[in-house]
Structure formats: structure tokens, C-alpha cells
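The following blocks contain the structures, represented as C-alpha cells.
After this come two complexes, each holding chain A, first together with chain B and then together with chain C.
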Partner chain A sequence: MVSRLQAFLVRRLLWALPVLALVSVVIFGLIRLVPGDPAIVMLGADADPARLAAVRAELGLNDPIYVQYIDYIGDAIRGDLGRSYVTNREVSAAIAARLPTTLFLTLAGFIVSLAIAIPAGLLSATNRGKTLDGVGLSFGLLGVSIPNFWLGIVLLIAFGVNLDWLPVAGYVSPLENPVEGIRYLILPGITLGTAMAAVVTRMLRSELLEELRHDYLDAVRMKGVSDLRVLGHATKNAFIPVVTVIGMQFGYLLGGSVVVEQVFSIPGMGRLLLDAIGSRDYITLQGVVLVYTTFFVAVNVVVDAAYFFLNPKLRGEQ
Partner chain B sequence: MQGEDSSTDRRTFLSAVGGAAATALAGCTGDQGTPTSDGTSSPIPASDTDVSTPEGGPQSGGTLRVGFESELTGLDPHTTESVVSWVVNFNICETLITFGDGAPAGRLATDWEIGDDGRTYTFTLAEDARFHPPVDRELVAEDVVYSFERMNQDGAMGADLSAVESVAATGEYEVTFSLAETFAPFFNFLGRVPWVVVPEEAVEAQGGDLGDFQEPVGSGPFQFEAYEPGNKLTLTAFEDYREDGVPLLDAVEITPIPDADSRVAALRGGDVDMVRGVGGSDADTLRNDDRTKLSRQRGTQWGQLHINCSEEPWDDPAVRRAVAHVIDRRSIVEAAVSGYGQAAWQPYAEDSIWNYDLGDSRRTRDVERAQQILEDAGNPLEGETLTIKTNSRYALMETTADLLVANLGEAGIDAETETLEWGTQLEDFVTGNFGAMAFSVPFKIDPDRHYYGFIHPDGSQFNHYGEDQPDAQRMYDLLARGRSETDQEARVEIYSEFEKLVNKNCPWISVARADGITGLGSNVYGIQPWLLPYTRYWTMWKGE
Partner chain C sequence: MSEESGENSRTEPRAQSRVQSPLRRRGKAFVARYRRNTLAMAGLVVTGSVILIALLAPVLAPYDPAAVNVPARLQGPSLAHPMGTDHYGRDLLSRVLFGARIALQVAVATPLVAGAIGIPVGLLAGYSGGRVDDALMRLMDSIFAFPAILLGLTLVAVFGQSLTNIVLALGIVFIPQFARVTRGSAVSVVEEEHVRVARSLGASHVRIMLVHVLPFCLSAILVQATVTAALAIVLESSLSFLGVGVPSPKPSWGAILRVGKGYVDSGEWWFSVFPGLAIVVAVLGFNLLGDGLRDVLDPRTDPNR
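Up next is the complex of A and B:
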């Protein structure tokens, strides 16, 4: 089985390489197709024309686009993502400083979403047609419908301003100060995790309902197994497709963190991305998007591997 | 250095230049709350800044936590290009002059003389200015020479310093600038944040190149302590600062909070003590909350309809004049900044010496007159649809375009907005790819900086006001004289005539001056709005 898994993973990783290469070309090209001269954005409307020309030359913006790409990708392979021409900092260093923050935020959203979704999905499925099910379904609909930025502002005004229970803006690393770190992550975590919680709740509910219809559970019951244990068996099987959704949602959480970081002033990758877009900081923008893409691809590989373990058919154990 | 007899008396110079600064500063704090009959003023009182001092007077100590509207764009003082970075550097490093109490004032310079020919500027430096640790030594004239050479290497400062032929240390505490030709705005420009003095050894220790000096060392009241990009910048009080009791605060912590709603919430929730960039719509919330208050600086942004005078149909002066009569400036101020601003026909307020009293010739809203102007010109807009470029990032520009299109519709003129991403609009502005666009620029201390680049062929030509346009040659001449004339009264006359021609020919159409609003916690005191948008944290303190 291990050799089959290894072969499977190697195959998936090999597929990831052309995906990343293609993504790097697309990112590089698309950013440069957007109108707006970075030298003008950097220096402002009343910049001296001679200075604008000097900055363009310094940034290599006068070179043909393929020359710029070859220079960039050559350096990127060596781990050098370039130097921001707005802040003059190494992009790889900037990303390394911001990445743990975004991962902590994503993890907070992930934990919040599962903490809501698993009990809500179970209660909803086991109380089909009753009030609890209605509440679960309504939550599911609301969760996917409410935009992150709106929920964030509402939570922030309610719990940060009016009740003054939690901090409104900023970030403290949970590694440096666990208590403060968690306080700073509660509201962003809820904001980020709600949409995923809604999706997983609905998915778990429908999969569990489907599972509970199966005849094998009647056989188990006839053997005298308690209802709770029967539910345990059904839930385990219902989780197989849900795990895939959870994995995919983790990737989407990374995307959602961009908005949440902006609302809660969290210095993560999302803020780095938005600042880079605003200032046409091509070098930083490319680096950040490349890292996001790499994470998304990596999450997919992990999900595939998890599915490989959970699904006997894939392992050839039919 | 020029002798006493051949130099302009410092006091005379101060009184002339200071008049401009004083009147502009008065605009920052004076009560402009009474609406005038033509609606030029907002009903909201301008003197919102709380200058009260609670019992016990100013207190020392404490940390001021400040929320900025955007992330810093680096900290090397000679290369940064954003207001937020300038605010930080303004508190760490020092320029030769500044503007205090309404007049040009020394900062590092204690005295100065300007040669009769207007080409030699000699500054005497404070002898007790010291650089922060780890440099920890006196600041001397050689540091000024080094700093100007560094900031302008390869002409990096562009036209602003191109007139400077040499900078020389003419004594341990004396530095002399020689200009190749007279350039009147030069003196005021010496107050610009990027023209600060830094020590060579600290720059070299951080790499030496322009852009490398990201942990700035200066001689200001605060010293750089730590910076975690995106999260927090900490400044601490410089204990050996040459003025006793300055600064009052122990530290300033700056956190970027880019979302406007979050920024206001952070202030109301007590997470920060002060926030920059409060929108007009949030200002009333802060005014009415017991936990917060406002500081309001008048006219920090000048909003206008920028026009490319070489592009049809905007090349026709009649079209521009008609549009100037159609636009409802008062409504734009109300809608864009909730009344925190003034309808404007010029960049400088009525109480500035740079303002020219246009009287009845001012192109106020008069739709019938606009229609008459077009009719007299043979209806050049018949069958035309005017396009007004704008962006959705800045409320003043977006609202100006939206309301102008509505105003033009009321006058029977077809028009539409084209909303662009900000970077795209900036590029279109600089490259001239527009007929008309809603635009705004920050307050400029010298009128040359507002006008020259827009009109003069040697400037950046953003308006493309060609020689075929009415009074073009005269306007070019006036702008050139504004640079070469060093007598301030004569300069005022020059720019008065220039404004008169702007009103006549409308190379652009002034719309509004928007105020800069800062939110403060109710226990924060000592903020002093002044001429420029850089907060001087060293005057501030926190009460109980």
C-alpha cells in the first residue's frame, strides 16, 4: 500500500510542477497587462519626468517582457523572489514574516468552522424536519450568504466597540503571547470560519442523511448496538466525502483571509498582497500570488492523500 | 556667504514669506463656520480641534497609539514617497527649516541669509543638535552637505533641486547653497520632509545606497526603535533632544489600519488613541461619541476637474467655461466629504495671500449662462458625449465626477463617467490620456508647485495647454517669473494675475478644498494642526 501511495504522491507532485510554472507565466503576464505605470504610482502625479524614466530603467520595466520573466523565474528557482521597489525589502523575507500570521488566521478559521459545523451537521441530520434542523439549514444559508467584510465589521462594532470584550485591530502572535494571541484571533477566526462552517454543515447533514438510509445500519441495530454507536458508524462513513470538502475549503480560507486581514488590520500575506496591488509592486505581488498558489496546490495534494487513505477503493482494497 | 549689506534682511523675508504661511495656517484653525450667501463655506465649524488643557497641564509619559490609513512605503527618508512615511520621518529626522506659528521657522537652522541676487542661501545651524544613538554625536554642516548630495545623486530629486549648483560647508555650523539661477520656491521647499539631514556613518552601516536606510537615524525628538512591517512601528523619545521637556510622550506606536470603518472602530473601542484619514461620514460619529474627538485641518486636498486642453472638445475654451458654470460645488462638498471642506475656485483659501479675489467674475453655478456661452460658441457640444474619468478609491474624485455628470445633464449636455482603477487613472493623468478627469492633489506650500507642472511647456504638461490656447504665452511668462522673482509681494502679484487668467480660460476647474480629519481619544491633547499634513507628535500628550 505504501508503494502505491508513494507512486500516487509522486504523480501528483509531478503534476504540480507544470501547474506552478504555468501559473507563474500567467501571473507575470496578467500583472503587466493591467494599465498603470508602477513608476507613476510610486512617485505620484507631480513626479519629475526624468525621475520617472530613471525609476523605470532601474526597475527593468524598459526590458522586453520575456527578458523580465526569464530574469524573474531564474531568481525565483534559486529562492530569490526579488526586492520590493516600494519598501526596498526582500520579497521572500517579507513573505516569510507574514506567512505564519496568515497560517494562524487560517487555522483559527478552520477550527471555528469545524467547531460549528460538526455538531450543527450532526444535530441537523439526526433531527431532520424538526426545529433544530431548520436552525441548522438557516445557518447554512446565512453563512454562505453573508459577505466576510460585512460580518467582520458587525462583529468588530459589537464585540470590540460596544461590549469592549475583544481587540479591534492588530495582531499578537500566539507563539509570543498565547492568551493575547488567541484574543486577537477570535473575531477574525469567526469571520473567516463562518462561510466554511456553513458549507461543511450542509455537506455533513446531507451525507449523514444519505448514510442513515443504508440497510446495513438496520442490521447493526438488530444486533443490539445502541443508537449512538450506530450514529458513530454512519458518521465515520459520511465523513469520507466531507473530508475532501474540508480540504478544499482550507484552500478557500487562505483566499478569504485577504479580506479578513484587511478588516482586522492583521499583518499577513493578504495585506501584503493588497498593498502590493495598490502600489503596483509587481515583484511583491508575483511572489505573494506564487506562494498562495503553491499552498493551494499543496493542500490539494494533501487532500488527495487523505482521500487515498480513507477510500478503500482508491487503495485497491475492494 | 553674502555680507550683511548685500543680503536680504531675514526679518523682511520672514514677514513676506510668513504672511503666506500665517494666513494659510489661520485657515487651519480659524472659525469658518458661518455659511456665506454663495455657499462657499461649510456649516460645520472648522475649529473642531480641541486645544483645551485639563487641570494640571501637560503630562509627560505614556505611549500614543496611532492608526494610519495605509502601510508605510519604506523608511529611507530620502526615497520615501508617501505621506504616512513622511509623517514618521518628520518626527525622527529634521529639515533645515519648517513652518511654525504661521511663519517659516528654523528647525536645524537658527538663522539664514539670502543673497541679493536670490542665488545664495546661507544657513547657520543649531550647535546643540545631536544625532540619535548609536551615532550619538553633534550634527554639523558636513552632514547637511552629505545629506543633500545623497538625496540628489543622479538627479533623484528632479527639478526641485536642479537649480542648486553647490552645497558647501562654509563653517562647522554654517552651510551655503549656491543656485545656478534664481528659484524662488527653493526656500519653502527646504521644509519638505525628504530634505532631512542624516549621518553618513549610519547610512553606510545599513548598506549606503539610496533606499537602504530603512532604520533611520536623525536628530529629531523621537528615535526609531523597531518596525514590524504591516503591524507596528515604534518610536521612542530621544532623551538628549536639544529642547527641554520635548517630547512629552515616552513612545509612539503606529499601526496601519487600512479599512476606514475598522480604523474608526479601533479608536472608539480604545485600541488606539489617534487615527489619521477619517472620512467626512465618520467624523460626526467621532464628534458625538464621548470617548472621542476630532482635529480638523482645513483644505488639505484641492479637488478639481482636470482638463486636457489639447483634446476635443475640451480644447474649446467655451466648453470649459460652460462646464465651470454648470458644476454644483457646494453639493459636491456635502456629498463627498459630508461638508468637511469648502467649495473652491482656487487651491488657496480666501484668507491666504496666494488667493486672488475674483469678485463677481468667479464662475459660480449658473446653468443659463453656461447654455448661453455654448450657444454663442455655436453649440460645440451638440451630438457630443463628454467623458469624465474618475476612480472609486477617493470619494472626492468619484463624487465630483458623478455629480458633474448629473449637473451637465441638467444643462442638457450629455456626459458619462469612466471609473478607473487608481493606478490607471494616475497613468492617464501623467500621459495626457484624458479629456477631463476628476482629480485632487494635496495642499502645496508654494503656488509654483500647484501651477507650473500643469501649464508651462517645461513642466510636466498635464493640462497640455498649448500655445494656441488663449493667453498661453502670458501664462507661461507669469509662471517663469514666479520662479525667478524673489520679492514676495511681486510674486503675489504674479500669481494673482495668473489666477485671473485661469478663471478666464479654465485650463482646469477648481471644485473644492477637502479638510484633513484626525480622530483622537478624549484624553489626547496637544495636537496642533498646521500648514502641512505631518503630525508633530512631540507637542502631544495623554491625560488620564
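Up next is the complex of A and C:
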């Protein structure tokens, strides 16, 4: 028998697939909108005619556009995103080499943001109107107003250049060297995670205040349950809507990593993307954007599943 | 919100006053509430100052923002150059002041572009309901499936770097938000009595949407516009920082930071600290304004939330 969770997930996947399809059409179409002959745009007008012909063949420019698209997607599903004419590398290989770096960075930002937001939101809500709440509220407002790249530069000036405590540029994989790897991820993680921490702090605070207002908590308190456990109960309920926001923010972290990689010279997918833009390497560009978007959509599906799982009403428990 | 207009349509029979009067009454109450809200007033003051600075930049700036003065390059803050000078000896204060013009153009134009498409889409979706609603909102979801900065990067990479293209790209990025917000308000307004009355009097769909639904969505749209302005400034400066934003001779704050970042290691901190502070102030202003408007326009929310 199909459980409600399974049915729900299938529905979400059925939503995600057309979105991905549409997104891929848009990316594909956009690249074709580049004025002029893409082959000449990529190689320059005085390029070797044989290479121009090879690029046209690789792009399938002689076929009708829908054939080109179907070919591209067919290959993409099998993991082949084409070969870059600038670097002469397989795009999927280039992405595979960079993807773990970007994911570790995003994860670092995610951990930092929750490590800040959960205590900050709880303290802010339970100390409503007091100094701590003011600090939490100010953080919520400032955190979303400071662009992450500038926060990164300020951290670089303070911790990297003046205090010399942490590495300011580069990347070591935490899989190869956990201690160094984490040291390299601390400043980028804070840079990336602060904005999300601010958003989640605000959201958690207001949801928790809403929850603490409910009468049922008084009843629980009167039964002699400790304040801490009452808070725990309220927090669990307050978290349900917060999860959606956390999920959406995770996607933004992925986008923000492009900027943070640039600040801290981290060789991730964002650098690959910027290099591709700089060298008009449209084959790499469309592959990278497609992979980012796939992750973004996948995260949304996972978040919806988590939301479903946390929310007893949706789960329909008997 | 809904009770107020519902009550009104019962007491005033004529279609015209039914729509006008609750809006005007809300307007007065709005100003009174706004003036009592400290954060909202702070937002107004900060945003107003940024607008003034942008308008008066040629008067306020002590130097020509493009004037190269190589012997004075990379000087720290002093009385002559309160924010120091850049790698060409240009006065950073003057560049930051003129940068407010670019930031403000982006902050104003982006919501206009996004609203020009997003509002009609949301209005149509919320008014029609059913399949039209589903289809339009799914389309919006797909735009939303791109992380904003990636969509901006891709669009600028394809269409080329210019202030106009950046505003267009950012405008496209924010279409779904405007569509969602408008749809959200429209869905509840459509249920209200004055819309049903207008319909029974034979008003056309377009007229109902524009005259009887849209005005009641404006407060939510206004909040969205201020939030979008703040985000647009952040995104424009991010794109410029990445080197795909406003082309280089223009003193965009993000573009100054792009160069300034290269001088962090050698100790020229002022080069990146001051332009960044300018971004924070401008963005904070719009965020305060947005928060304030949200509190004031929606009396159901608690001002301390």
C-alpha cells in the first residue's frame, strides 16, 4: 500500500520535473539568444575554420533547435554535458571536480547559520522586550542588510590580515585533512551563513512568540511540567513553518557560495561559472547553471518532505 | 483589512465611493500609525538621506569622482580625503557619494520592472483562480527555481554588461515575488462584497481587476517593492563585485569593492570598508522602511514582532 508520505513525494517530484524541464529550456534558449554565431562568439572571428566547424557540429547548430535541445538533454541525463572549447575538458568532469568544494562550503554556511539562529531565536523570544531580544532583533535586521561579500572582506581584514588566526584564501578538503579543512571553512562559513542566520532568527522568534501565546501551554504548565519542557514543546511546533524557510534559504546559500568563493579564492563551482562567463565558455556555463538549479530544486523537494514529516496534520496520523 | 471594506460596502451604496472612501480613510490612519512607529520613521530618514545624497552628489562631492591623481594614490583617510583614495588616486568619498546614484537607480527601477510583469500576472492568477492560476503560478515557480544571483549572472552573461541589462535581469529575478504577493492579496479581495456587487452590476473583468481589486493589493505590493529595493542593491553590488555588474568607470559600490578587495592584504582597509558601509546603510534603510510599512499597513501584526 502506498503511504501518504510516498504519495506526497511522488506529487512533489511530479512538480519538480516540469520545473527542471522548463528551466533547462530557458537556459538552453538563453545561450542560443547570444547575438551572432555562437561558434564565432566562442572562438573569435579569425579562428581556424576547421575548429569553427567542429564547434558548430558539437553544438549541433546545423540541426533544428528542438533537435539540439533533445540531444542536449538526452546527453545531460546520461551525465554528459558536452566538452568545453575553451579548456577542452569534459564539462561534467570539471563540475564533478568542483562540486564537493561548493557543497562543503554550503554545508559550512548552513551549520553556522543554524548554530547562530536557533539559540538567538530562542533567547530573543523568551526574553521578549528585554536587552537580549533587542540584540536578537538588531541582528535579524543587520544580518539581512550586510552583503555577504563585504562581511567576508571585513572578516578577512580582522581575522586573516590583522590577527592572523585563520587562513584567508584557498581550500583544503575536509575529507583529506579534517582539521585544516575546517579551519579553511570557518571564515567562509560565517560569511555565507550570517544572512540566513538573520532570516531564520527573525522567523523562529516570531513563530515561537505566536506559539507561546497559546492557551494550551498554560494548561501544560499547570500540570506541573517544567518551563524548559514547555519551551521545548512550543519550539517543536514553532519549527514546522521555520523548516520551509530554512529550506529556501539553503538554496540561497548555494547561490551565495558563488560570491563567497570569489572572496576567499575557493576553487568551487562558482569560480568555474565566473571563469566560463569571462571566457564566453557557454557550454560550461549552461552545464554549471543546470547543475546548480537541479540542486536547488532537489533541496526544495527534500524540504517539502521534511515539512510533511514534521507536521502531524499533513501526515494524518490516526 | 477585509472587515473594513466589507463594512463600508454595506453602508455606502454607490460603487464609486465604495472603493474610494475606504482607501482614503486607510490613508489617514496609515500616516498616523506610521509616525508612531520608530523603526519605520528611521527607515524613512535613512532612505530619504540616501535619496538626497544621490540627488545632490555633484554638490556634495569634494572632487570629481573620475579625476585621476596618481601621486595621491592609496592614501588613508585624511581631512582632504575623508575616505582615502583608490589605486588611481581618485577620492573615495566622491566615488561613494556618486555610487548612491547607481544604487538608487537600481533600487527604483528593479521593482518597477518586476512589478510591471509580476503584478498583472498575480492579479490575473488571483482573479481567475482555477487552471489559469495553477499554470501562471507554476511558471512563476520555475523562475523562482533559479537562485537569484545565478539568474542575474546568466542573464548578464548572455545580454552583456550594462546598467540597463542589470536592472532588466534583476527585474526578471523578482517577477515571481510580485506575482505571489499580488495573487495572495487578490485571492482574498475577490471574495469581498464590493467585488461581487461590481460583478453583478455588469462591470467588465478588466475593470473589476483594475478598479475593484488592484487598489486593495497595493499595500502588500508596496511592502514587496521596498524589500525588493533592498535586495536589488545587494544583488547589483554582488554582481559588480563579481565583475559582471555595472561596467567599470561608473562608481558602483560593488565595483569599487571588487578592486578594493585586492588591497586588503597590503593594508589599505579604507578602500573596501567605506564603500561597503555605504551599501549597508542604503540596504538597511530600505529594510527598515519595508519592516515599518509592513507593521503599519497590516494592523493585525504586533509592532513588537
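The criterion applied here is as follows: the second predicted complex is superposed on the first by the 275 of 318 C-alpha atoms of A that agree within 3 Å, B and C clash if a C-alpha of one lies under 4 Å from a C-alpha of the other, contacts with A are read in each partner's own complex, and residues count from 1 in each chain.
Simple rule for what comes next: a contact is a pair of C-beta atoms (placed from the backbone, for glycine too) under 8 Å apart; a residue touches a chain by one contact, two chains touch by 3 or more.
Being a predicted model, the structure only gives us computed values, none of them experimental.
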Chain B versus chain C as contact partner of A:Leu156, first or second or both or neither: both
Contacts of A:Pro18 with chain B and chain C, given as first, second, both or neither: second
First, second, both or neither for A:Ile40, with chain B first and chain C second: first
Chain B versus chain C as contact partner of A:Thr87, first or second or both or neither: first
Partner chain in contact with A:Pro167 - chain B first, chain C second, else both or neither: first
Partner chain in contact with A:Tyr292 - chain B first, chain C second, else both or neither: second
Partner chain(s) touched by A:Gln262 [first = chain B, second = chain C, both, neither]: both
Contacts of A:Leu30 with chain B and chain C, given as first, second, both or neither: second
Touching partner for A:Tyr184 - first (chain B), second (chain C), both, neither: neither
Overlap of chain C and chain B interfaces on chain A (superposed complexes): 34, 153, 156-157, 161, 168, 262-263, 274, 278
Contacting residues of chain A [partner chain C, same complex]: 15, 18-20, 22-23, 26-27, 30-31, 33-34, 128-129, 141-142, 144-150, 153-154, 156-157, 161, 168, 205-206, 209, 251-252, 254-256, 258-259, 262-263, 273-274, 277-278, 285, 289, 292-293, 296-297, 300
Residues on chain B engaged by chain A in the complex (per definition of touch): 67, 70-74, 76, 79, 81, 154-160, 211-212, 214, 228-232, 255-259, 261-263, 265-266, 268-272, 421-424, 426-430, 439, 441, 449, 453, 460, 462
Chain C to chain A touching residues, read off their complex: 138-139, 141-142, 145-150, 153-155, 157-159, 230, 234, 237-238, 241-244, 254, 257, 260-261, 264-265, 267, 269, 272-273, 276, 279-280, 283-284, 287-288, 291, 304-305
Partner chain B, residues of chain A touching it in the complex: 34-38, 40-52, 54, 86-89, 94, 97-98, 152-153, 156-157, 160-161, 164, 167-171, 262-265, 267-268, 271-272, 274-275, 278-280
